[in-house]
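Chain nomenclature is as follows: A, B, C, D and E, assigned in order of appearance, with residue numbering initiated at 1 for each chain independently.
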Amino acid sequence: MSIITAEPATPLRLTGIRKKFGGIVAIEQFDLDVGAGEIVALVGDNGAGKSTLIKIISGLYQPSEGEISLNGEPVVFRDASDAREKGVEVVYQDLALVPEQPVYMNMFLGRELTKGPIGILDRKGMAKQTQELVDTLDVRIPSARATLSDLSGGQRQGIAICRATHWASGIVLLDEPTAALGVAETAKVEELIVKLKERGMAVLIVSHNMDQVFRIADRVSVLRRGTQVATKKLSDTSHNEVVAMITGLVS
Amino acid sequence: MSIITAEPATPLRLTGIRKKFGGIVAIEQFDLDVGAGEIVALVGDNGAGKSTLIKIISGLYQPSEGEISLNGEPVVFRDASDAREKGVEVVYQDLALVPEQPVYMNMFLGRELTKGPIGILDRKGMAKQTQELVDTLDVRIPSARATLSDLSGGQRQGIAICRATHWASGIVLLDEPTAALGVAETAKVEELIVKLKERGMAVLIVSHNMDQVFRIADRVSVLRRGTQVATKKLSDTSHNEVVAMITGLVS
Amino acid sequence: MTTASSSAGVLARLRGVTWTNYVVYIGFALVFLYFAITQTQYFLNPANLTNIVIQAAPITIMAIGTVFVLSTGQIDLSIGSTVALSALSAAVALEATQQWWIGAAAGLGVGALVGFVNGVFVTWVRLPSFLVTLATMGLVAGIARQLTDLQAVPVSNGPFVWLFGGGSLLGIPILLWWTIAALAVGWHLLRQRRYGAHVLAVGNDASAARVSGIKVTRVRMMVLIGSSMTAALAGLLYAGRLESARYTLGETDLMTVIAAAIVGGTSLFGGKGTVLGALIGSLLMSMINNGLILAGLNVSQQMIVRGVIILLAVSFSLRGKKNN
Amino acid sequence: MTTASSSAGVLARLRGVTWTNYVVYIGFALVFLYFAITQTQYFLNPANLTNIVIQAAPITIMAIGTVFVLSTGQIDLSIGSTVALSALSAAVALEATQQWWIGAAAGLGVGALVGFVNGVFVTWVRLPSFLVTLATMGLVAGIARQLTDLQAVPVSNGPFVWLFGGGSLLGIPILLWWTIAALAVGWHLLRQRRYGAHVLAVGNDASAARVSGIKVTRVRMMVLIGSSMTAALAGLLYAGRLESARYTLGETDLMTVIAAAIVGGTSLFGGKGTVLGALIGSLLMSMINNGLILAGLNVSQQMIVRGVIILLAVSFSLRGKKNN
Amino acid sequence: DAGGAPSDDVPTDTVIDQFGTVTATEGPNGEQPTPASDLELTEEQIAELENGGYRAAIAWHELSSWSNAIQAGIEDELDRLGVEIVSTTDAKFDAATQANQVQTALSLKPDVILGQAVDPVTANAVYQDAVDQNVKLVFADQAPDDYSYGKEYQSVLTDDLFQIGQRAGNAMCDAVPDGGEIAVLYYDADFHVTNFRDASFLSTIAAECPDVKIVAKEGFSDPNKAEEIANPLLTRHPDLAGVYTSWAVPAQGVLSALKNAGNSTTKIVTVDLDDTIAADMAADGNVAAIVADEAYDYGRAMATAAALAILEEPAPEFAVSDSVSITKDNVADGYEAWNQEVPSAVLDASKQ
């Protein structure tokens, strides 16, 4: 692990993260740096602890032990708004959208546009911008004013991705962002992620799709049953080696 | 479309299915037969209408027009229990599990095991069987008595698949069943689906994963923006042709 | 394609239309028509119609506060006793100072305090709002009884009585102005401001709201304070109109207020609220009470017929809405 | 690794332990201890302790019915007036026939009917249970008032009074037996039978329950009938104990019953219910009422202190439970 | 019009019509009244009480400013006699609650229970435990139906309900012109005190000013919502000369309806002292007269009866307290009857 020098501090650093739920240890010990303009993939079997880690970084869970630093500064998030204020944007696996609200409201939730001197909600503006954002992803939705719960699974995931990437300013966490997406939509989202990287974001992506990992990530970190097995440059490893580390068939 | 003869009737036949939500037409017109011992894949972009079709067959939605026949008999399902009683088992995209109940309860919901002369719930028996079922799928869960909402996304999907396949007796509908699963778990589930086919079930699977479609399905039906583009034998088509039909880049 | 399935298609199309959201007005219209026909002479008398609206004023205002509380998935049972404590505090303060604004401030201050206490226990101690407000309901009622030892307190301050009771402006009774103001503020907050969007989001899915950066705790606190403040305002209106305050004021209003909100289309389980609906709901209740008295029924008969009318009116209004 | 984060770790570990589900008993124990210490002489008297349980009997029984209703995500506001109508019907039937079982059947039959009407409007017409039961609450109360024209009706049938009021068996008061029986049946239904699993599933996620083949409509109907039947039984118990029936019986029980269920750990929003918790909740309420009278406080003070004690007891019990 | 016509008939089958024409206050079993002011204790009796360490429990059917005035009388007198009040309860008009409260209070081993039963039928069972434990019972207004004097209970004290109704009736006759129309707002519940008083009011009107027409009898169950009843009443009978209400709380609603309709001619007569009603009367408002009982002395008489019961001395079977008619001219008399200062609000009102 590098010692902090005069060079720009690492956007995201995790040190000795550990998480227990009651008696169950979900994460044993986890260390990782994600640099600016870097995409790190987090892979592992079902129940390995990937989403738990994402939720810890985004302030939804508090780690049982360990430390998170953003840009060299240790931080303690009491809740998700804390993390969000520090520039952490997330696509959660369970999406975390509000089902009975219109799509545009979900897109702007907590950051609604207002207009006029007394700050009236700008519903029209939000709907328009939402449509534009969704269009860039090739995700077709019936209307930006549709109720979220009427959308298909992939459409909802598209909304969640649009929301996170639109507001991204420093760190982006993506938990299986393309799981519900079609072929074309997935390609568009991968493009988008690469663009985030080019804009200098630190991206941490969870994926079960090895092809995807090899297509877009710079490094990969493997979790197995809560234990961090290894963190490697993708150029230094192979498809088979990663799968072997995930399943534990080769150590 | 074949005329019904003396040979065993088709397990599942859809004729002229059409579905509108208010002003939106989700499915224009859909016809399909799924034979015994056959796996048909249903593919299409996000929002194409795949899940809507699954929900129509499983009795959750009523079609605006069209007819469903099971084993040659036209049926009208008022709700999901009707379909279930006729032997239609489903893995829904949004899983349809009860979050605050233990895993084993979810596995046996609506068909709980009982014991003793007055029919007391056999919690122990259900937990034991659940653990066994989940083990065969390689999905690791903390415990069969864990609360469902504490499970990871993949673990939940595993439970939903176990439930549907365990009770399968005639028709199995799977809506993106491996979207949240890891590499090893996906392989196991594909194995299981092939076994269902070997047991003579009619299987309809929705998937965005073309490799998977080509690995396990016999035929594929393509939906684009609610319109049925084509239904083909997989041996008569290619990866590229299917993708082209999905995206509509080649007609 | 059978006839059955295509008529099902028509039905499905009809159901899809969003006017189902507005049919609560049908129930209202039906009840209105019923009384207009059976009790023409008295019911349609303009003074009588004005009375219906004016009598509904405190209920309407509290129902607006309750819309916000229910929308966040909470409930406030303490509003009834807050009415009494606010009215009594105002009356006592008026007696001591004879300054209308001190009386008003005393009443509203009491409301804010009750709401704050509710909020603290709901958000910091994280107790169910039902239990917290049930406890404070008793607590506040006890304090109201203690305050003047069960004595009613006259209110004789002219400006206060004008402002909260008998006054009128541009020929329109002041209670109507208060109703209009509460509606405008409530509607603006719920529909036009971020606050309203956050209220609905918290009630619909609190954890999704939380990860979207909404201060869930603060929203829950605010709606509880708001609800108590509407109850306090209702207390002032009772005090102004009756020119007196008593510990029994508001005692029986709780169910009417919640019913008004729910009849209007607000969900008891959060995530759905409408301010205009609360007005309709509250007018419906007021109209039914008025019509039944005009019909000359005794109390028992009124209770029976009221139950039947509510069932019918609501059946016409809400039937067919999906309610999973 | 800072001290702060490791002490947070300890806290997190403590929170993870499932005993948080059982701490409602802590609140109960604390209140018990408080009265045992401050009112030793009178409170701990065995006769007094028996009184607490016996007085709680109707509330406990109704709370058990309410646990089922709340568990499915509904609410039944009509129980209070069903108590009165059941008691009066039983008393009138007894007067006419002097057969204890006809009286009991009349009371319980009325309960089943009210529950069925509630169920029809909730499941077939698909109205919110809050509105339906609010309407039938008034309707049933009106009928109860009409039935005997506000007159109280004495109950003099020996077997009836023994069975539902003053009797005792094996040295244990009959009301205690009823409580035990209701607990056993309620616990068995909720924990040991499919029915209970379906009730919780419907309340937790109705659409998931539906696709799992659960007859959601039937479950909703059943719990409403069950709830009215517990209210009817409570009515019989009141009639037996008071050796008379009156239209005001049960009028003030509604909130106490719901509070007992919720204090016990049942959720107002469905999906979570506990029968034993309802017992504890109801005993807690009964104990507080008892202790405050013994403490010699005046009525206003009783109301204030009751509110404070409920807040504190519940704070100790429910604090720290996750409540998203 | 079909709907309106029947509603113009004045009902004759209400809870206040069940008594028919009443002529005097007597017990339900024909007990003859003794004046409450006759109750007295001897020096020896007082001494015995002071040294006895006796205990009393008070069980109200419902609390109000009236019961407060009584309670004050009871407290002062029992205090003087050295009898400790160990509990006070409010049954909120619920018989089952009262049963619980009496049962609980018995744990405190009182020597006597004073108070008012929710109703005489349910009260049989409510007080049975007390009877069994030989606790003495002194009731306000009515004893349990099946109880007999000197056996199960020791004394009943009551207002002269007939006199109150009669005073109210006479006040109404004075307040409205000959041939005027009046309305009655009665408590639509089975509650003896108000039912009987209202019956006496009706009888008095019929006897003393038969040309005054009773054009409406409206029942209420929620006294806080009387305005909702008064408004339609005024719509239907715009020429009302007077309104009688069973007690002061509903009168408040009527007053409000009149004020808001700008009506200063319709007169109100009601029962029970109430600061707000008294203030209106003092300020020459709509309220013409109030009838108030001598509640404080009533309370003291109850305490005295309780003391006699403790000492196993005979207390009167049926003692009756007086009442006063209050108009603008003698407001102070009313407050004296309740042993209270005339509140400044009422004094101010009378100066205007």
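Going forward, contacts are C-beta pairs under 8 Å (C-beta built on N, C-alpha and C of every residue); 3 or more make two chains touch, one makes a residue touch a chain.
All figures in this text were calculated on a predicted structure; none of them were measured in a lab.
Participant: Name the chain whose C-alpha centroid is farthest from the C-alpha centroid of subunit B.
Facilitator: E
Participant: Any chance you could check whether B-D or D-E wins on number of contacting C-beta pairs?
Facilitator: Spelling it out, more C-beta pairs touch across D-E than across the other pair.
Participant: With chain centres defined as C-alpha means, what is the inter-centre distance between subunit B and subunit C in Å?
Facilitator: The computed centroid separation for subunit B versus subunit C comes out at 47 Å.
Participant: Using the average of all C-alpha atoms in each chain as its centre, how far is it in Å between subunit C and subunit E?
Facilitator: Computed value for the inter-centroid distance: 34 Å.
Participant: Taking each chain's centre as its mean C-alpha position, how far apart are subunit B and subunit E in Å?
Facilitator: Inter-chain centre distance comes to 74 Å.
Participant: Distance from the CA centroid of subunit A to that of subunit C, rounded to the nearest Å?
Facilitator: One centre to the other, that is 43 Å.
Participant: Among the residues of subunit A, which ones contact at least 2 other chains?
Facilitator: Those would be 21.
Participant: Give the residues of subunit E touching no fewer than two other chains, as numbers and ranges.
Facilitator: In subunit E, 63, 188 touch at least two other chains.
Participant: Subunit C: which residues touch two or more other chains?
Facilitator: Within subunit C, the residues that touch at least two other chains are 145, 207, 210, 299-300, 303.
Participant: Applying the document's contact rule, which stretches of subunit C touch subunit D when the two form their complex?
Facilitator: 73, 75, 77, 121, 125-128, 130-132, 134-143, 145-146, 206-207, 210, 255, 258-259, 262-263, 267-269, 299-308, 310-311, 314-315, 318-321, 323-324
Participant: With touch defined as at the start, can you tell me which subunit D residues reach subunit B in the complex?
Facilitator: 191-194, 196-198, 200-201, 204-205, 207-215, 271-272
Participant: Tell me, which parts of subunit C touch subunit E in their complex?
Facilitator: Subunit C residues touching subunit E: 37-42, 45, 47-48, 51, 54-55, 95, 145, 149-154, 156, 165-166, 173, 241-244, 246, 248-252, 286, 289-290, 293-296, 298-300, 303.
Participant: Which residues of subunit A touch subunit B in their complex?
Facilitator: 21, 24, 44-48, 50-52, 93-94, 139-142, 150-155, 157-158, 176, 179-186, 208, 210, 225, 243, 246-247
Participant: Residue numbers of subunit A touching subunit C in their complex, please.
Facilitator: Touch residues, subunit A against subunit C: 58, 60, 79-81, 84-85, 90, 92, 95-101, 105, 109-112, 114, 119-121.
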